[in-house]
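Both of the next two complexes hold chain A, though its partner changes from chain B to chain C.
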Partner chain A sequence: MAPLLEILVAPLRYPFMVRGIVAAILVGIVCALVGTYMVLRGMAFLGDALAHSILPGIAVGYIVSGGGRGPIFWWGLGTGILTALGIGALGKGAQVKEDTAIGIIFSGMFALGIALISTMRSYAVDLSHFLFGDVLGVSPSDLWLTAGLAVLVSVIVFVFYKEFLVLAFDSTLAETLRFPSGFLHYLLMVLIALTIVVALQTVGIALMVAMLTTPAATAYLLTKRMAPMMGIAALIGAVSGIVGLYLSYYVSVASGAAIVLVCTGIFLLALLFSPRRGIVRGWLQSRG
Partner chain B sequence: MLGKLGVFEPVVHATGAAILDVYELTVGYNGTTALDRVTFHLNVGERVAVVGPNGAGKSTLFKVIAGVLEPTSGDVRVAGCSPRGHICIAYVPQRNDVDWMFPVTVEDVVMMGRFGRLGLFRRPGRQDRAVVRECLGIVGLAELAKRQISELSGGQQQRMFIARALAQESTLMLMDEPLTGLDMPAQERILALLDVLRMQGVTVMVATHDLNQAADYFDRVMLLNHRLLGIGTSAEVFTTAHLRDAYGGQLRLVETGDGLLALNDTCCGHG
Partner chain C sequence: MNSLALKGNPGDGERMAIMSGRHQAFGLWGLLLLIVMAHGCAPGGSTEVGPRAPVPPVSAVGLAPDEPLRVVATTSIVADVVRNVGGDAIALTQLMPLGADPHAFESTPQDAGVISDAHVVFINGVGLEVFMDRLLASAGGNTPVVTVSDGIRLLAFAGEHADDEALADEDHGEDDPHVWFDPNNVKVWVANIESALSELDPDRATTYRENAQAYLAELDALDGWIREAVTVIPEDRRGLVIDHSVFTYFAHAYGFEQVGTITTGGSTLSQPSAREMAALQEAIVDHGVRAIFVSTTVNPRMAEQLARDTGIQVVPIYTGSLSDASGPAGTYLAFMRYDVGRIVEALR
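This part shows the complex of A and B:
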C-alpha cells in the first residue's frame, strides 16, 4: 500500500477513531452553523459563559449516575437550556451591566461545578474530560445522540434562516415585519445551549468557544453573504475535526486541543490571505 | 406562539381615516421623559419633516409609530389601528446604527422587505425577486445589486433602505436623518426619490437637522423638543419664539429685513 494512503487509513482501523472522526465532523458543522449567528451578533463571550455554566449540571449527572454518559448529557442539556433562558432574560434587569451579570453567573456556576466534582474520588481525570473533551471515548450510543441533535439544530437553523438573518442584521426591521423577536431570541439561546452540549465530548468546556467562533469568523473573512458564510464555516469546522484527530493520532497531542489549533491555523491563514479582507491584500493595496 | 409565525395578516386600512393619529403620546425611559403629550395627525401621501435638537425624541417618536417601542401613555393609530397590526410601516435607520460589514449584498437587504409577507418555511420566489429588481431600479441601484453593503457610498446606502421600504410595500415611511453627512448631489437624489414616493401615495416622515431643507421640500414641518412645539407650514412653525424654545442657545437666529434667518443647527451629530 502507498505510504500516504497507509497514513490516512491506519487510524481508521480503530473503531474508536472512526467514531471520534464522525463526531468531530458533526460537531464542527453544527458549531459553525450556530456560531455564524454568534459571530455576527457579537455573542462570543456569552457562548463561552454558557459553556462554563453547564458544569454543575454535568457534575450532578455524574454524581447521580456514577459516571454514566447518558445522564451527564441530559443533565448538562437541562442546565444549559435553563442558563440560556436565564441569560436571555438578564438584559432586562438594570442593576448591573449585562456582561458583568453574565460574568458573575458563569464563574459562580463554574465554581459550583468544580466543587461538586471535587467531592468524587477520581475527580482530576474526569474533570479534565469535561474541560478538554474526550472525543476518542465516544461510544456508539453517544454518536447516535450527537447525530440526532446535530440534525435537529441544523433543521431549526434552516427553517428559521430568514428570520434569524433579519434579527441579526436589523432587529428594528424584525419588529416592523412583526416577527416574534422574543421567541426567536430565546430559540437562538436554546440552539446555542444544545450545540454546546453536543460539542461537549469533542472539545470540552474550555475550548468550546473556539469551535463556535473560529470557523465562523474565518468564513466571515472569506465571503460577502451569509449562506456561503455558513457553508464555508461548516466545511472549516469539519476539516479541522478530521485533521485535528489525525494530528492527535500521529503527534500524540490532546485531540480537542489539536482540533482547535487546526481551526486557529486556518483562521490565521484567512486573516493574512483573504482576497476580500486579508492583511496582505490591504498591505498590497496601501502600497498601490 | 407558533401560530404567530405563519403569514402575518395585516389589518385592512380603513378608508378615509388619517394615515397616522398620534394622541397625547408620552414615552418615558428610566425617569426621563422622551416625549411629552404629543398630539398630531398626518394625511395619506403627506411629506413631513421632523426637526429638533439632538435628543429631542425624534427617533423615539419614529420607533413608537413603527410599533417597536410601547408608549408609556397615550395612543398611536396607523390607518385607524395599532401599529403592531401593520407590516407596511418602514423604518429607515440612521446609517450609524447599521453594521455595514454584515455579510449581505444590496439585493439581500432589499429582499428582507419581502419577508413580512412570506411566513415561515417559504423562501422568496420569482415574484419577490422581480419586486426587488424593480425597487432597485427605482432608486437607481440595479447595477450594484450584487455588491456587499460596505461597498456603497453613503447616499447609495440610504437609497438601498428606501428600496427596501418600497419592497416592503410600505405606506408609511419613517426616515431617521437620511440626509445627515451626505454631499449635496446625494441629498438631491434622495429628495427626488421623495417625489416618487408621493406619487405612490406613501406618507413620509423625515427627521432632519437642516431647517432650510425642511422648509423647502416638505408639505409640513414639525418642531419637536420632547413636547410638540408646532406642526404646520414652515412660516407658521419656524418662528423666533418656537425656535428659541426648541434650540435655546444651539441655534443662531438673525433678524433680517425679510424676517428671520436661522443660521444653523450647530450640531450635526447623530442623535
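This part shows the complex of A and C:
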C-alpha cells in the first residue's frame, strides 16, 4: 500500500476513530452553519456565554441520573434554551445592554454549575468530560442523536435562510419588510443552544466557541456572500474535525484541542493568504 | 509537563474558577494551565510534590485517662486500616467521603479545621493525595503527618500501553501510589500506624500492638486466600486492563500483567489521545484480554466503547474507596475479596 494511503487508512481500523470522525464532521458542519450567522451578527461572546451557562444543567442531569448520557443531554439543552431566552429578554429591555446581560447571566449560571458540582464531592472528576469533550468515547446511539439534531438544525437554517440573511446583513431592511425579527432572534438563540449541546461531546464547553466562530470567520475572509460562506465554513469545520483526529492519532494530543488547533491554523492561513484581503496581498499591493 | 501539573494541581472547582476568569485579565495563561492539566498526569512520587512544609515530629501527647487520641485518615481505605489498629482507643475522622476519587478530591475549610484539631494525620502518600499539601498549609502545619506507605518497595507504573514504547517511556520512573492492592504492603501500613499511635499515646501501646497483631494475621489470611483464588485463572488469561493504573502491585504480587490503562499516568484526571486509545485496543487484542476493569468512581464511557469494539466485557470494581458498610466492599478485607472475586469471575 502506498505510504500516504496507509497513513490515511491506518486509524480507520479502529471503530472508535470512525465514530469519532463521523461525529466531528457532523459537529463541524452544524457549528459552521449556525456560526455563520453568529459571526455576521457579532454574537461570538454570546456563543461562549451559552456554552458555559449550560454547566448547571449538566450538573443537575448528572445528579438526577447518576451519569446517564440522555438526562445530561436534555438537561443541558433545556438550560441552554432557557439561558438563551433569558439573555434575549434581558437584553431587549432598556435597563441593561445586551453584552452586559450576557455577562451577568452567563457568569451567574456558570457559578451555579460550580456550586452544584461542589455539592457532589465524589464525582466531580467526571465532569471534565464535558469541559473538554470526549469524542473518542462516542457510542453508536450518541451518533444517532447527534445526526438527528444536526439534521434538525440544518433544516431550520435552510427554511429560514432568507430571513436570517436579511436580518444578518440589514436589520433596517428586516424591519421595513416587517419580518418577525424578535421571533427570528430568539430562534437563532435556540439554534445556537441546540448546536452547543450537539457539539458538547466533541470539543467540550471550554473550546466550544472556537467551533462556532473560527470556521465561519475564516470563510468570511474568503467570501462575502452568504451561501458560499456557509459552504466554506462547513467544509473547514468538517476538515478540522478529520485532521484534528488524525493529529490526535499520530501526534498523541487530546482530541478536542487538536480539532480546535487545526481550525485556528486554517484561520491564520486565510488571514495571511486570502486572495481578497489577505495580509500578504495587502503588503504586496502597498509595495507595488 | 508533569512539573507544571505538579506545581499547582488544583481540583476541579479551582480549575473552573480559572476558566471563568479567562474572560478577564488572566487571558491565555489560565487557559493554557487548564489544557495542560486536562491532558496532564498526576504526580507519582511523594518526593516530587515540591518542598513540603516541615511537619512536627510524632511525640507523646498528654491525654486525659478517658480522652481518645484524635486521628485523621485521608482515604476510606487508610481509615479502615487505622480503625483496625486503633480500635476504640482512638477517635477517627475520615477526610474523604466514601466514593470519593482521591485524585480529584477537593478539600473544604472544615477539613482544615479537623486537621488542625487532630493529634495525627495518616496519609497514603506516594503522591496520591494531591490536595494534601495545600490543606496542611491552611490547617496551620502543627499536626504531625504520617505517611503509612513509608518503607514499601515502590514500583513504577507498569503496562501503560506496553506496546507503545514511546508512550511508556514518558512516565518511566514515576512511582505508583496504589500500594494497597497488595496486602503485604498494607502490613507495612499496619506497622507504621502502630508505631505512630504508640509513640503519640504510649499508655495504650499494648492495645495498639495487640490490635495490629490480630489484623496482621487477617492480612496474611487474605494474602493466602488471594493466592489460592487466582490459581483458577490460566497463565494466558492474566492480562489486566483498567481505567487507571491501580493493578501495578497486584500484578506484581500475584503473577498478572497490567497490559494497559485507559488514562495514562496514575491518575483518573486525564483524557487519552486517539493514539493512546488505539494502542490500548491493539494491546487488548494482542494479549487476548477478556475484560476491562473500571473504578466505580470513574466515568466508564471510554471503557464501554473500547469493550464494545473488542467484544469484551466491562467489569466495575472498587479502587480508591470502600463502599458503604452495607455494600460489598465495606472494609479493606471485603474490598480485596470483592475485587479479586470479580477478577477471577471475569478471567477464569
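We adopt the following convention: the second predicted complex is superposed on the first by the 277 of 288 C-alpha atoms of A that agree within 3 Å, B and C clash if a C-alpha of one lies under 4 Å from a C-alpha of the other, contacts with A are read in each partner's own complex, and residues count from 1 in each chain.
As a convention for this text, a residue touches a chain if its C-beta (ideal position, glycine included) is under 8 Å from a C-beta of that chain, and two chains touch if they have at least 3 such contacts.
Since this is a predicted model, take the numbers as computed values, not measurements.
When both complexes are superposed on chain A, chain B and chain C sit side by side without a clash. After overlaying the two complexes on the shared chain, residue contacts for A:I81 are found with neither chain B nor chain C. By the touch criterion stated above, A:M211 is placed in contact with neither chain B nor chain C. Once the two complexes are laid over each other on the shared chain, residue contacts for A:L173 go to chain B alone; chain C is not touched.
Within the superposed three-chain model, A:R225 lies in touch with chain B and out of touch with chain C [touch as defined at top].
Once the two complexes are laid over each other on the shared chain, residue contacts for A:Y250 go to chain C alone; chain B is not touched. Contact with neither chain B nor chain C is seen for A:L188 once the two complexes are overlaid on the shared chain. For chain A, the partner with contacts to more residues, out of chain B and chain C, is C. In the superposition on chain A, contact is made by A:H52 with chain C only, not with chain B. For the combined arrangement built by superposing the two complexes, chain A sits at the apex of an angle of 150 degrees to chain B and chain C, based on C-alpha centres and given in steps of 10.
Between chain B and chain C, the minimal CA-CA distance in the chain A superposition rounds to 27 Å.
Touching chain B in their complex are the following residues of chain A: 40, 94, 159-160, 162-163, 165-166, 168-170, 172-173, 175-180, 183, 220, 223-226, 228-229. The part of chain C that touches chain A in the complex is made up of residues 11-13, 15-17, 19-20, 23, 31, 34-35, 38-39, 97-101, 103-106, 167, 268-269, 271-278, 281, 297-299, 301-302, 304-306, 308-309, 321. Every residue of chain B that touches chain A in the complex is listed here, in rising order: 1, 4-5, 8, 30, 63, 66-68, 84, 87, 89-91, 93, 98-99, 102-105, 108-109, 112, 115-116, 118, 120-121, 123, 148, 164, 168.
Across the complex, chain C is touched by residues 11, 14-17, 19-20, 48, 52, 67, 69, 107, 110-111, 113-114, 117-118, 121-129, 131-132, 134, 136-139, 206, 245, 248-255, 257-258 of chain A.
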